[in-house]
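Both of the next two complexes hold subunit A, though its partner changes from subunit B to subunit C.
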Partner chain A sequence: MTMKTSTETKQLTTYQDKKIESPLKLALRRFLQHRLAVVSAFVLVAIFVLCFGAPLFTSYDPIGMDLAVRNQAPGGAYIFGTDTLGRDIFTRTLYAGRISLMVGMAAAAISIGLGIILGAIAGYFGKIPDMVVSRITDVMMTFPPLIIMMTVAAFVGPGLMNVILIIGGLRWPATTRLVRGQFLSLKNYEFVHATHALGLPDRMIITRHILPNTLAPLMANITFAVSAAILSEAGLSFLGIGVPLPTPTWGNMMENARNLIILQNQPWIWMPSAAFTLTTILCINFIGDGLRDAFDPQQLFN
Partner chain B sequence: MHLIHSNYLIDKRDLLMALLEVTDLTTTFHLKAGVVQAVNGIDFLIEEGELVGLVGESGCGKSVSMRSILRIIPQPPGKIESGKILFKGKDLLSLKEDQMRNIRGKEIAMIFQDPMTSLNPVLTIGRQLTETMEEHLQLSNEMAKKRVIELLDLVGIPDPKACLDRYPYEFSGGMRQRAMIAMALSCSPSLLIADEPTTALDVTIQAQVTELVKSLQKDLGMAVIWITHDLGVVARLVERVKVMYAGYIVEKAPVEKLYSHPKHPYTRGLLASLPRLDEETSAELETIPGQPPNQLDLPKGCPFAERCSYQVEKCLEENPMLEEVEKDHYSACWEKDRL
Partner chain C sequence: MGRYILRRLLINIPILIVITILVFVMIEITPGDMADYFMSEETIAYMTEADIIALRERLGLNDPPPIRYLKWMGNVLQGNFGFSFVEGYPVGELLWERLKNSGVLMGAGLLVAVILGIPLGVFTALKQYSLADFFLTGLSFIGLSMPAFISGIIGMYVFAVRLRWVPAGGMRTPMVNTFANLLHHLVLPASILAIMHGAQFMRYQRFSMLEVLNADYVVTATAKGMRRRIVVARHALRNALIPVVTMIGLTISQFVAGAVFIETIFGWPGMGRLYYRAVISRDYPIIMGANLVIAAFVLFANLITDITYALIDPRVRYE
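Coming up: the complex of A and B.
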């Protein structure tokens, strides 16, 4: 192949070959420059692989008891030791991660979904829909979340689905407010007026034109919603009103620490789940920070 | 035979019927501070395929009156108090919202002042142009894309095919305004409302966009209402001009007559305040003294009376109606004969 050296051809090809960067790609590139967020993403992926691929890493049964090996300190056949019923802590921590992460994501999905729908309706249509949604949001936000969650949990009883619904059903007001605010400001932008002037129907204006523009603040909100949901689940399970035993979750594994002897003398029983929870939450929050910076519209198109 | 002949005549007359007929259009904004009288009973006709200029300073009701035609003013606080807007014989103010949506973009399209903000930053140009056609003309995505490429070519965007996947931030202001024009033309509207489309562009691009709209108007035979405060643009572009002040149309005339013999003191003031290349540069630019009236509380008489050097007693008492001074030349002034 011979190289064409004419500047004219060269310029033409560079214009044609210039890679098209969607705002998403731009944001991704900026995200990759955020070192802490990238490291966190790797760690989080590792935690996901460990938890959801648990059978690959351990051959023990997470709920099978073996009273002959109770309260073993870490080392030997049991990397993290065993609990008071002779179950392998490492195995239980991984299987617990599955439940905790799943509850976290499912609950966050519910709360984000509700938040987006209600926020979009309130912000876009205004007037009566806005009044109704905003007042309900205000009332919801006056309740201390943990107290109301405990009350509802005690009322409907423990169970995996119940926990997901309670957390998801109580965490949407923050997202609703965010989305409503975004819609309120975006609907006065010229490009939204232009869509009205072009005669596009409301559903198209909402889903195709305004919603993609709220993605930036939403991304950060979504990650924080996941970490908040994981923490809420841990809190409820710690209090014994979350996911019932023997299903392990990080929360109900930490519940063992309520026993003073275990807290003081057998830290291996509660520390691994606490460490996993802490690492997961930190990672998600760092990723959220990274996403918020990456999607910052002030910097996005620089 | 005689019958057929007269029918033919009626058809001919129907063809010459006005495309848009606005009668007594009044739009207000109900704010906490009071009622802003933005548009006060304006009347005008737009004929098919003609280029009309709507001139006036900021806040005089140009944009509000045009947006009232499309019914895209925010309601509340805005309210169209009265009037009749006949477009192709249909009264737009009595249409249902979904019928109105079929008019917007399809029959009457609008281009906006600032191309930097009137395109959605997170959607590709192709996406934004195709969806109007998919919605109004029920075209498939492929068909719509083909037409978008034609349209982008028509408005003079180089390499239109590659532009489909580009984002607005990759376009310059002039390119964006061209894309906006392509979007407005996508459903072949019979009326295009151009709301100060060149104000945010620099002068060379202004000239290009103006020429583009003029040539498109000729080729496609659509009517264009060009809103502007730039009398220079109006002079070389349009056939007829309407001058607005404080929500009233104060003068309407063919463009040559308006420039050579303005029949309203406000128009005269506007023309006098234009800097001219053929006069001495050190001469001080004439200005119109005072401020436009507060539209929360319009005076009883002529809204321009306070700033007018031709003011007589009657001006403060009674607001003059638009009256024909000579053929096709209307002015709302008590003292129009002195001008």
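Coming up: the complex of A and C.
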């Protein structure tokens, strides 16, 4: 409570000084006050640097095998040990991170893009487009998403591109609902009526005038979409219907743990990827939490 | 209300038909069919052209797709879901068996989740910003972010492999048919589910409780000099529970699909694992049947949730 009051007084003085911050600056300042979110952002940057700069941190080949050094425990030349084919786990974990993070971001980009387009159309035009989009979203949101993804993944077969398209193509309903709701309320504002009066085409009104106003609530949704997509890839690969071997991903490295012997005797094979996945997801979710608080207009004036 | 329920039930029928048609079309457009199951590298050498035609005829694969769909639907309406050649059992029998097993796991998990989550949510809301609140809310955030396959393998590694407190998988020790044995197998996977969903219920309950505690009528009750305990239990909690009930209903609707990850990791013979295996081995009769059952259950559970919602909240009325 005390923290809130202090922000409040600070707010009041800024208004009195007539130094009004831009909304983005204000959100940034509020985000920086969320300590956990800031720490998470740093950790996430570190993970990205490690994964995408992998050749700088390790000289091993993530795919080439060396049967002479199979199943080495961590320590010595291999800090995280080696797997059943003699590949360095540390190297594979970093390269796996590249794929997992890229799949997550690409899939999230697709689902958010689809979500914004469909949500905008449904919310802005209403009537039949709205009915069609809303019914599809309703059905897709009631059916367990994993069941749909598993079914489609098994039918179209494994592959990097397929996984991205499946996750991106099935995860949009949440974004659609959010954007649709925003459009429904925003389209009745006076500034939108003004754009109609000026005779702007619908496309301009949607992209230039309404859409920028939905960005604040979308920010948190975007971060959660990325973490959900990373988890979906990991889940599908864990089940062996995601990204196929030998390409390493965090999910298919964890798949090794389904073998009871590896689970028991070589925990170093699956633990690093589990730790990386968990840390990444926690960081993204904390950042999303911070963004939601930072952009929440209700908390501004409370 | 009666008319509302009837209308909802009728609306669900076309949705079910559309879902089964979608699954059927997907099976149709992927190459290969049920006959492939009987034709391996070895058997094909002994089969003549006539054998293959006879086989396809026997499996009913020579009919055009729409006729095959209608035949399937007709059989389902008579309670016949077909036969799974992969598992070697009639599909209806399998689905029922696995549904019961999933029900045991999910039911136990959900029950513990509710017993844990709701009181903790109320407690943390009442003690907002205290150390206990900070700690428990932080834990629930981790519980929410933790995917089932990670908590599953870590739980299995720690409690089954290292500590050896519980068996490493399965539902019963073969030939042992006691309740204690089932419980011994159940405790770990059910606990993992309970923590996952309990964390979710707790956060939701805390949020809705905080909202209600700030409502004017709660302030009024307190101002009248009513004791805190009565204000919380009679006035605040009852309203704060309403959104949580919906949340629980939504969770139940997802349950019939089984906890795919937990069931595959722990070798629990439930719906999730059955469906996973069916999808991997292209076991079409099971894929069709399971989707119908899952969809029907989801729609039914949603209806029940909406009805419960109207029953506990007098402000909600369905016309």
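Assume the second predicted complex is superposed on the first by the 276 of 302 C-alpha atoms of A that agree within 3 Å, B and C clash if a C-alpha of one lies under 4 Å from a C-alpha of the other, contacts with A are read in each partner's own complex, and residues count from 1 in each chain.
Everything below uses one rule, namely that a contact is a pair of C-beta atoms (placed from the backbone, for glycine too) under 8 Å apart; a residue touches a chain by one contact, two chains touch by 3 or more.
Predicted model, so just to flag it, every value in this text is computed and none were measured.
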* Asked: In this superposed model, does subunit C or subunit B come into contact with more residues of subunit A?
  -> C
* Taking the superposition as given, does A:P129 touch the first partner, subunit B, the second, subunit C, both, or neither? -> neither
* Could you look at A:G199 and tell me whether it touches subunit B, subunit C, both or neither (first, second, both, neither)? => first
* Asked: Touching A:P244 in the superposition: subunit B (first), subunit C (second), both, neither?
  -> neither
* Asked: Can A:L215 be said to touch subunit B (first), subunit C (second), both, or neither?
  -> first
* Just subunit B (first), just subunit C (second), both, or neither: which does A:P74 touch? -> neither
* To do: Answer with first, second, both or neither: which of subunit B and subunit C does A:P23 touch in the superposed model?
  => first
* Once the two structures are fitted together, what part of subunit A is touched by subunit B and by subunit C alike? -> none
* Structure fact -> Per the touch rule above, subunit A residues touching subunit B in the complex are 15-16, 20-23, 189-191, 193-201, 204, 208-209, 212-213, 215, 297, 301
* Residues of subunit C that touch subunit A when the two form their complex -> 15, 18-19, 23, 26-27, 30, 129, 141-142, 144-147, 149-150, 153-154, 156-157, 161, 168-169, 253-254, 257, 260-261, 264-265, 275-276, 279-280, 282, 287, 291, 294-295, 298-299, 302
* Enumerate the contact residues on subunit A facing subunit C in the complex. => 1, 139, 142-144, 146-147, 150-152, 154-156, 227, 231, 234-235, 238-241, 254, 257-258, 260, 263-264, 267, 270, 274, 277-278, 281-282, 285-286, 289
* To do: Would you tell me which residues of subunit B are touching subunit A in their complex?
  => 70, 72, 98, 100-106, 109-110, 112-114, 117-124, 131-132, 135-136, 159, 162, 165-167, 169-170, 180, 183-184
